[in-house]
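These notes open a run of structures that come right after.
In the two complexes below, subunit A is the common chain; its partner is subunit B in one and subunit C in the other.
The block that comes next holds the complex of A and B.
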């Protein structure tokens, strides 16, 4: 621990990991039916590419990624698609477990783009909890130089032992997965951060370290404290680097990956096996055989818990995720997704409902435990008052929702619930603002188009009149004095605004190629329409003037 | 001698001050001409607060004309799509008193929906749409692009066969908002005294 630095705050909740880390990692029985939700990752939901009645094998693509940040989805059992709707796909199994694998790749020798394509085709997302698509994360090197790959095996949240068991059983493979990502991102260092409450996993890693090629891997054991597994907190602890507010670890040259994700990456590259199963911790006092299982995605939670000896009368609630950051499941018929790392079947004595909320007494406990050094009680007041400007100023969006503040609050205020609600309200507001801006651009474009059409019509009319006039050679009484100077100024201004719009478009496109450029393109089109209209008016005025002079 | 110095001093002081006045006057004139802004920044700010539905319910042809009118001193409460929130934001920006909304507030965001089997393809709604959100051609069925529609109602009146409905906007799952009911934040003694009152 001599190398460890420190992040502020943190708490020491009861770990309760012994219940699930005593038994070995086993395979859960093959489910007879799976339900695969289309949104198992951050970003946009996938689009189904199968219809009811189609037969699928394990690993068949059943939904394609949609848009930039999204991920493919694969069948996790072989059988027949029974239902496809807006949010999920159901598959009835045939019990055969026939696989459809991609060709294996030798990662040491293939080109990076082939590796990226494989990650994309395998539907791999971050299995630690956020579910960010791995192929997008790997492409971060296009814009940031990556120096260090951090393997985040801290697993600080109580109850969860997924990474612990994964490392005990598959340490070599996890490290090989890390070598793949290090090669892909050009990282020169690999560091494993692990809490000292997992001695068996540390032992397994020590054995595996010597075999790992070509980059040597450093193992850093840190003291157990919640939430040292947070990405920013772990980077601070291991490397003493501060990830900037609103930034990514890539901004300081670091990439973080979870051991489960690295294992899935190796399986995808070496074995051609897409992400169709994951390790899930089954724990809690209401089941008799706790432990970690390899579970096919889409397996029903009820089925899993019943196989683990669920004691239904004792069951109070099932929590998906850990007790600090997880969410209670409203129904046991929910399926396991790529993001389900832990299922806690808790009795009422184990995780009792929180006592009634009392008013904030400004004790300041929450401030002393906040790992991001925010002011939770100020945020609490502003969130309740919906004071959006103040929330932004107190960096609401830097909150990692770790729940340390709610845990220590003597008034039992569900602080994180407040923050989540405020965050989703602010996000919606941003979407609405962007939408209004978009509508404004479309309106302006339409106005410009109508003006141009009007100018064209006028020009045609004048041309017709001029043709009729010429033979008879009558002097047209110009109804109004032509304001040639004003039109020239308008024309120059329109030209300048086209140039400005072009420049803005080019600058934005260069700064962030991922961003949607629709609005900027539309602004450019609007400026061009305005220019055309001005040109027409100017030409027409000149015509008129010259005809007046000649007559 | 004594008086001549005095006169020179006074004259030079006048000359210097006049020179300064002329110099700075010229500078200000040049700067105001050189860095002249065509658009009014306050109008831009007002326009940014308005919801950009371009519905014309305020009596002006679009949001920007209304923003200009507000800048000229028109009332703040003529925007039903914006509702109370817009009125308060405008009142904050301009330092005026917020007034109750003139008209009926919309409870939910709506979009136009064309019953396509009834559409006769007259293109009248296409011409009415301020944001080009309706596609179609003469004698062919029209349809509304939901993402682009601002729910301004302007296509309803021109439709000769009344085949357009205003339906609530469908929100994708990632825009779902939690419904949280907070207990009122009064301290216990207040709560008891409030109950004690008749």
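The block that comes next holds the complex of A and C.
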């Protein structure tokens, strides 16, 4: 395409999108029972706030976010909570489909904090696959000026047609959702990046763009090539900007959102409807009615596939996500989550097991397709040898796990599997080395909590004394002079360190979604305890001072 | 896990992707056929006997070592790499080499250079060239016995292959390769004078040129089929031409012309079939360029200043030695890394 720049490498796998993009987007039947897992987003699992026997409506909060990087969870059908355990909540439906919506917001007029609060309350997370909580992502403006919002509609993985169908049916609403985020983040431009294999979606977007847009939106159609839907790859291709290694798109003034997420944002803001359903591509040769459906979260995969005409004897495996980056489902009883964008019910002829691996002959094919310009053949060698120093120096953590290298490997080596294993081994090592640090942070947290409790006790005591003093109207002259200024400074410092801890946590969580966040959440909690204590002390000191002055 | 399916997609749609390792090897073998056929046409069936004997030795030795190492034999032989090593070494030897000579070369190639280092993918040196270099150093008489162009079945062919031909008769068969003749023309003889004496038997030079062009044809096939990448052959031929031109321009009366270097000896064969062995070559694209250029430079330096008339084997082996260093210092800068040297030095 004329106005597109380029990233290195890339491959052209068979697309196989026709199987699911020929029928219209429809609603899946209302499930009679749903299972909502507590972890359907990056960060920490949500904490249940319902008990078995509670009745819920569609949109009732059933689990609250835990820590900063986490997300609320809502009931996706109305009925009764039947089971709550450590990982999931089950709801038996009453078939009524009664809703509990939040009040609609006119996004053009409300304050940013109200919008952020709405995103938080609606449990919106990125629906493209990573599941990063949207309200945290939106707070990026506190640290970075955002210039451009990119709507990532490239959808480069084979089979998946979620964005395609979402845009064909809801182009106007997706663009309105983009306007909300652009306003919230102060972006001056919006760019839609879409591959040229989705002509109907492009047509729908062009039509929608003929309506006036408050913030200008540009449609950029790019040639189809995997993995142009990778955030960094798309930004390079649309804007010719390189997101720094270990950095975020925000570092170059860009924010990326998936069309499905933008639609969910609009529903949450305009209609007060929390995230209780999503579009899922049902495809593969083992079902007779492939297509895209609006599915309530928690619906069982088996039920969905059976409704789509599952041919069980033909079924070889079900893959959640695309064939390049997705994962095979171990059981069909797994529920749909916020992260389920595609279910491929594949026959054995369609996606056969790989042939036996043979030795790497260092042909370098992998190098020529790597979209990050890494040396996969060398990483392979060092991953097998567990040479961790070399792995880091050959930039293992820059790997986006797109699978292009494994795809072209003539020796059928599962390269990305090796890299994932190496990465998790290295992450574990980092945690080991950080253990002492973590213990220190735990100690600091405890100290902070004790200090806060002490401050609270003190405040209560003072309040009691003040009450006792007032009737008698006698003032005990305070011997020590109140250091109001010092407390104000301490309070400001505590506030700043909360901000800093939040910033670090949000950054770490986005940079490496698989990184363990416990330690960072702990540091944030410590800072918050310190802030509470400082607030109490400050309030108390002010009280004392005003009472001295009034005497 | 997910890569299971990535490969799965690939196998269902092989048209879009690179052939698997075994078929890469078979493509290389197929691409040697024009060269081998042309050589046989000019130098007799001794060329084919070389290739066949070496290939049989290659497969048998590989099977034997795999058996000793308790590794799967059938699956491993199926990758055709031992067969390829045999074909390449066979094609490098003087026509109708005795069977035991080929056997010794293949033991060095398959047993020592390849399997003792761990088999396919683990050998730091090009196996065929290790075999060739060993033979050249150990049996110089046999290795320089390159007959002039001759009939398809020359006299004494079978006895020669069987190793029963008396040494006295061997000498009568021998001729000189053009590189050989030029190398030993003597310091005092000017290039123009040398060629004026008609130093080679009739048709020798043109035979070598035809053979070189046949290797080139095979090489182009490999490039078109994307079996090899262009980096090593282009860098190697480029540096051969550049250095040969520099030498030639500095003193045309003493040094051979660039075209002579390109079209005689093993230059083109080496560029497309030997230097491109991915296992023992540098692996990154930048590394391959340096690696190829290094081989080209060493070829010209050894040919003009060193002691051997042709130098592909030694040039390749010397550059094999440099591969770990090249790999270390030719790491590309991944996208998103600042454009400083720190990002390039692992």
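Here, the second predicted complex is superposed on the first by the 436 of 551 C-alpha atoms of A that agree within 3 Å, B and C clash if a C-alpha of one lies under 4 Å from a C-alpha of the other, contacts with A are read in each partner's own complex, and residues count from 1 in each chain.
As a convention for this text, a residue touches a chain if its C-beta (ideal position, glycine included) is under 8 Å from a C-beta of that chain, and two chains touch if they have at least 3 such contacts.
Here the structure is a predicted model, which means the values were calculated and not measured.
Enquirer: Once the shared chain is lined up, is A:384 touching subunit B (first), subunit C (second), both, or neither of them?
Expert: In the superposition, A:384 contacts subunit B only.
Enquirer: Would you sort A:39 into first (subunit B), second (subunit C), both or neither based on which partner it touches?
Expert: First partner only, subunit B.
Enquirer: With both complexes superposed on chain A, which partner does A:446 reach: first (subunit B), second (subunit C), both or neither?
Expert: Only subunit B; A:446 stays clear of subunit C.
Enquirer: After superposition on the shared chain, which partner residues are touched by A:436: those of subunit B (first), subunit C (second), both, or neither?
Expert: A:436 sits against subunit B, while subunit C stays out of touch.
Enquirer: With both complexes superposed on chain A, which partner does A:12 reach: first (subunit B), second (subunit C), both or neither?
Expert: second
Enquirer: Looking at the overlay, does A:363 come into contact with subunit B only (first), subunit C only (second), both, or neither?
Expert: In the superposed model, A:363 contacts subunit C only, not subunit B.
Enquirer: Which holds for A:428: it touches subunit B only (first), subunit C only (second), both, or neither?
Expert: It touches subunit B, and subunit C stays clear.
Enquirer: Going by the contact rule stated at the top, is it subunit B or subunit C that touches a larger number of residues on subunit A?
Expert: C
Enquirer: Once the shared chain is lined up, is A:499 touching subunit B (first), subunit C (second), both, or neither of them?
Expert: It touches nothing on subunit B or subunit C.
Enquirer: Of the two partner chains, subunit B (first) and subunit C (second), which one does A:417 touch, if any: first, second, both, or neither?
Expert: A:417: touches subunit B and subunit C.
Enquirer: Which subunit A residues come up in both lists, the one for subunit B and the one for subunit C?
Expert: On subunit A, the residues that contact subunit B in one structure and subunit C in the other are 358-359, 417.
Enquirer: Would you pull the subunit A residues touching subunit B in the complex into a rising list?
Expert: 39, 45, 87, 357-359, 384, 417, 420-421, 424-425, 427-428, 431, 436-440, 442-443, 445-447, 493
Enquirer: Could you pull out which subunit B residues touch subunit A in their complex?
Expert: Of all residues in subunit B, those touching subunit A are 38, 47, 50-54, 62-64, 130-133, 148, 150, 173-178, 180, 182-183, 185-188.
Enquirer: Touching residues of subunit C toward subunit A in the complex: what are they?
Expert: 1-13, 16-24, 75, 79, 119-122, 229, 278-279, 281, 283-285, 288, 327, 331-338, 346
Enquirer: Considering only the defined contacts, which subunit A positions touch subunit C in the complex?
Expert: Contact set of subunit A toward subunit C: 7-8, 11-14, 158, 232, 236, 242-245, 247, 319, 323-328, 346, 349-356, 358-365, 367-368, 371-375, 377-378, 390, 393-395, 398, 403, 406-412, 414-417.
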